[in-house]
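This is the structure I have questions about; it appears just below.
The first chain written gets the first letter, and so on, giving A, B, C, D, E and F; residue counts start at 1 in each chain.
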Amino acid sequence: MIGSASPLAGYLLVAALMFAIGLAGALTRRNAILVLIGIELMLNAANLNLIAFWRYGPHPEALTGMMFAIFSIAVAAAEAAVGLGLVIQIHRHAKTTDVDQMNRMKG
Amino acid sequence: MLGEGILKGLAETAKNFAGSYVSKERLTTVQYPEERIAPIEATRDFPFLVYDGEDWQAGLRCVACQICEKECPPKCIYIEKSKDKKPDYVGKPQIYPARFDIDISVCMSCQICVEVCPFEAIKMDTVFELATEDRFGGLLLDRSKLAKSNEYYHTIHPTEAAEVDARLAEEKAKVEAKARAAAEAAAAKAAAAPAAAAGAPAKTEPPAVKPAGGAE
Amino acid sequence: MSFVFYVLAAMTLAGALAAVLLKNLVHCALSLTVAFAGLALLFLELGAQFVAFVQILVYVGAVAILVVFAILLTRSAETPKAGGVFSRTWLAGLSVAAAVFAVLGWAVLESTPWLPQTTEAPAADVEQIGEALMSRYVLPLEIVALLLTAALIGAVIVAMHEKEGAQ
Amino acid sequence: MLEKADQVFVLLLHWLVGYLPAAWQPAAGVLLCVVAIIAVYPTLFALAVLLERKGLGRMQNRYGPNRVGPFGILQPVADGIKSLTKEDIVPFTADAVVHFIAPLVLVVAVFMGFAVLPMGRNMVLVDLDASLLFFFAMGASTELSVFMAGWSSRNKYSLLGAMRAVAQMISYEVPLLLSTVGVVMITGSLSLVDIVDAQNRYTWGLAHWNVFKPWGLAGFVMFVIASMAETNRSPFDLPEGESEIVAGYFTEYSGFKFALFFLGEYVGMFGIAGLGTSLFLGGWSSPLAILNWVPSWIWFFSKVMVWICFFIWVRGTMPRLRQDQLMNFAWKFVLPMTLLNLLVAAEWRFVADLWLRWIAGMVIVVGAYVLMGRVGMRREHFGPRTYRYAE
Amino acid sequence: MTNPATEYAVGQRVGDARLDGRMVVDPDSGTDLLEVAMGPHHPSTHGVFRMDVALDGERITRLKPVFGYLHRNHEKLGEGHTYLASMPYTDRLDYICSLTNNWAYALAVEKLAGQEVPERAEYLRVIVGELTRVQNHALSVGFLIQDMGASGTPLMYAFREREKILDLFEALTGSRMMCNYMRFGGCRVDATSEWLDEVRKVVAGLPQFADEFEQLLCTNEILMARTQGVGVLRPEVAVSAGVTGPALRASGVIYDIRKVDRYSIYDRFKFKVPLGEHGDVYDRFMIRLLELRESIKILEQALKEIPGGPVMDPKAKIRNFRPKAGEAYGRIEAPKGELGFYLISDGGPNPYRYRVRPPSFVNLTILEDMCLGHNVADVVLILGSVDIVLGEVDR
Amino acid sequence: MKTLEEIQAAIEAAVPGAGVEILPNPAPSGQHSLRLKPETAVEVAKFLRDDEELALDYLSNVTGVDWPDKEIAEKVKVTRPVTKTVEGVEQTAEETVEETRKRVEPGFLEVVYHLFSMARRHGPVVLRMRTGNRSDRVELPSLTPVWRSAEFQEREVFDLYGVVFKGHPDLRRILMWDGFKDHPMRRDYVAPDDFEYEPTPHDEVLARAQAHRATQQAAAAPQEGAGQ
């Protein structure tokens, strides 16, 4: 079914599935680091969308999708750094990385 | 400046790298099985028993006094005295070791047995290629393996051996002189007895014991 | 839809699934790198060479390592304790994710006929990207640079020991 | 004739591929190149190991291995057979799968880097647009394998070694990358083929190698330092610091897997050396125009081997740094120097006057080096001391 | 006393010896502690030695030395053997410096029995003792740099020189390492004049070796960065902990038993005692190099002045040696520090009590204090700079 | 340096009731020692360390000595009444008889400290302390708080002799392993029967080897039976 359809649809479906997996991971896992992993997956899924749209979009020479992807990667890197820094700091304070137990703002 | 010491060090290793090709002072390695360093006279490793003459059993200087056995720090010497006696180099009948074992897996090459021996019977060897497949039996040397000729002793420790021989000759001369004096006295008295019991084992040719290892 | 695409998609999705499902955190992180690498290969297949290399450099080379480091620094949490690896509200989370996927999938499949069918790969060499970054996208670039600097400093401060002299 | 010698491998490839149907030719060509790379570099690795052992031996006034074959040249063969036939031990508590994959990941990632290295005139597997970026992307992946090895062994020394290795490689990747940016700025390309081509020009018979320019020299020095750290070579060999953490991340590896790590490390060294050669030492170009008749690939490989010899020399001389010093050195010395070097490169690019740009460049580079060295040593409170005596 | 300022001043006291000088390390810095047993099979523990280490990251928060793997109850053996038979056993204490061990034991017995040593024997003792010191210091510095990760180059240079000295030992005593050379009342054999010429030749070559070593190492930035300020041992703590030898002098305390006790004939030689100021690893490293040079000076003087005469006291007895009841403590400045023998005689052929006071063992007391707060990499260095030999620590 | 008598006087002046006595040493070394009472030992040690003139800041050597119970046979002249019958008359007379009496002199463990001064460069001053007996009264005060160098050496004395040092910060076995029970340096210590085969066993070693082999065979035999 997909094979007969546009190749873009395939990429979009993969991206959607990946996004959903990431979302599920972020929402269901207890460990804060895994929550971050889920978020990374979601960002990557978005990147795949961007690149796929750039490739099959009407104006590939404008490079818009690619630019977005590059910026997104940069932002994701920053997000990962800060997020993991936070997790480590929380672990230092609360001795846990379990998001279920991180229910207080004050250490 | 940062990096100066590092550059100095690099220069030093470069010097040694080049030096190892030209200078024997730097590359001191001796390629062992093919090349051997000249034997050092004082070297010692494990004890052996000296014998005079050709027959090792007859010429063994050891009289089984067991002093070395007692003094040996790791207690690696085991001696059994003989029941009978045989004449020693001055002709005095002495007991001899019926069994004389040295366990060189225990021996620590300290040379104390040599120092305490009053009969110059035990000396230190220089053989070091003693590897064996039998851990216990192969390293337990008995009389026959321990006995080595005085000539062999001369080849490995010439200076020391010469001193020892001189000392022994002196002793023997003293004994002989005494015996002669006694004999003369006896002869003078009884004028009958033949002179001397000097069946001294002169330096005949004993079987050449090969100076193994390290002697080349 | 080529064979290569299916292989890469399967690899990416398997990596992603493993990353959220596995028990051992380090295994999760390693599966995540598989997903990242698969994605990079998908980018390559799409003709976005530069982005693919950047993806590997940043995600495999940096983010994955960062994750792994964080896992090691919080090592006591590495092995799951009693209570399972999933949150108490896992059912809700799962249904939300499923719903999102349903909506997205529906949208994609519904719009298939309108999606473009162009197949010739657009050229995007490094020179073009550089020029675009320096001309049209120079403002976002500067902002991202600022953001990265801020994030760098922020991450260092957050993860730093409170005490003086420690790393 | 000389032209033929230069292109001998290219011609050989064409000749071999020519027998195949046209549709298979591109794929077969690539395959043959890959086979060639996989054959050549492990051979070089064996040679380098022998060279290292002999060189170190000579520096330490020893002979080095000299028993297997004439002058010991068959020692690598013996080593290879030994490591192949050795028992492969996997610790009982180890994560067997990851433990198994780790050396493979390393070797694969390391070999991928060679795809973009121009090893002679027209001798490059793929001329990518962003080949420099590709090389670094592959280099970054090796960290993962190191971590996998260290973590999966379930050994505290391995873990410490892996942590050290990853921290070190991440830290030195930044200056490594930045030290090459000057070259990219001046050449205006990320393609290694273009970069080498740009250096293959001659003035008064002397090549235009990047290392002969102030920004190139500074970049070169920083690249050498960072590459030593990136390949875990002495004095930056903390990850395997044998006197501290036994063998670091491959403590628990034995037999062929250990050999793979060893191989990966040395081949990685060749990769970095090849990259540095292409970036700063003119790749396959000859230093003097009159030496142009020597085949280009000979130049490339001899430069790489000289680079390796330098690594060996340094290893024979230096003690090892400590973790925090290593980090400080990366972030407080090498990184600022590389950033400054970008300034010099920009100055070089935009100042037209020949003398002025030379003088300004040299002044900035040398001045900064001396100043930062002084400040660094004072800040870390070390320096030569004098001693007093009591009668 | 050229520098009174560095002399250890009276009244500078350590209150609670256990707590003083200890770096306080916060064990709870958030990350988990990693407990590592460094050793007994570790490349740089200088034998079978273990350190139970707790790490915060790579920082040491606790370190407990564990040893005894090489324990063979040396002292019990000594009580079961005659005085003479213990002599070869002393070779095996600090197996790098067997001759100084011989010397210390001979000195203790001579004190116990009130024996005299002929002059030539004293000179020979000084010569072999200082040669031992030279090779020990060269070796320990080599090992220290080896622990620092220097692929063996300095160590190999040290071994190269040591080889020459060991050849001398072999030519004199018959054995390279287990010399068993000294006796109560002298030395076992006399040295020939050829041997003394050989020694002169070797000694003449030593300064060049020291120069090369210094050229290679002393100003190396990496070495300085690694060793300076690492493992600082303050003089008060060092004195209280009984640290002796180069480690003590590196902390700036003037205490060299060769100068203090003036045992043997050390008052005849002109030599100086190098002093450190910081008491860190670099100082300990440098003090060894400088002491090596001073030893060369002593050797030159001794070789020039050596008289003729016998090497054994003619009154000395080898067999049936039975000192009168009593006790004695004799000590010398061994290369690693104060090596003492404490002997109690009950008039029998064996000592009633035979005690070794090994320098390495006592110097280890302070290891934890020096290591706390440093890195794993530094621990190895600090241990190397203390210069231990497990044969002596475990006995 | 002060003589030992002067040191004794100084100690008595500084620490009243110190009860230090001088034990002479007949050997030519002339290293006489001071015997401290355990109760005042730490105070005396502190004085010795801190006194300006003595300044014994360096504790070089700590060691134990074992003096087992000694059986002393001595001849004693005893006068006792003897009843004799002399000529039918019982007379009680005193008579001096020589008889051998055995008495056991109780043993003790002794700890010896050798002190030097690094500041004043003199020494040694030898200190001794004795335990009450060799079994249950083996406690002595630790001098580790005064001189740090006693730390490992006192641990060694504890390990090898069994002297328990009160106030020692970390009194564990040091050379023997933790599970080890006995104190091997005591003179009545019997080595365990665990030696390996020696190719030249003779005399007592041979006897022990044979006994050892016999016990091993005895131990192995029932196991083999159980295995079948």
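Operating definition for what follows: a contact is a pair of C-beta atoms (placed from the backbone, for glycine too) under 8 Å apart; a residue touches a chain by one contact, two chains touch by 3 or more.
Here the structure is a predicted model, which is why all the values come from computation and not from measurement.
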* Could you run down the chains that neighbour chain B and chain F together? => E
* Asked: Any idea which two chains share the most contacting C-beta pairs?
  -> A-C
* Relative to chain C, which chain has the most distant C-alpha mean position? -> B
* **Chain whose Cα centroid lies nearest the overall Cα centroid** => E
* **Length of the line joining the C-alpha centres of chain C and chain D, rounded to whole Å** => 29
* List the centre-to-centre spacing of chain B and chain C in whole Å, with centres computed as mean CA coordinates. => 80
* Asked: Distance-wise, how many Å sit between the C-alpha centres of chain D and chain E, to the nearest whole number?
  -> 43
* To do: Using mean C-alpha positions as chain centres, tell me how far chain A is from chain D in Å, no decimals.
  => 34
* **Multi-chain contact residues (two or more partners), chain D** => 59-62, 159, 316-318, 324, 377
* **Two or more partner chains touched - positions in chain C** => 50, 54, 62, 69, 73, 76, 167
* Asked: Residues of chain B touching chain E in their complex?
  -> 2-6, 8-9, 11-13, 16, 25-26, 28, 40-45, 67, 71-73, 108-112, 115-116, 124
* Structure fact -> chain D partner, complex, touching residues on chain B are 1-3, 6, 9-10, 12-14, 16-17, 19-21, 26-29, 31
* Structure fact -> Per the touch rule, the chain A residues reaching chain C in their complex are 2-3, 5-14, 16-31, 33-34, 36-38, 40-41, 44, 47-48, 51-52, 54-58, 60-61, 63, 66-67, 69-71, 73-82, 84-89, 91, 95-100
* Of all residues in chain D, which touch chain B in the complex? -> 55, 58-63, 66, 313-314, 316-318, 369-370, 372-374, 376-377
* To do: Spell out the part of chain D that touches chain C in their complex, as residue ranges.
  => 95, 98, 128-130, 133-134, 136-141, 143-144, 147-148, 151, 159, 163, 166-167, 170, 173, 189-190, 324
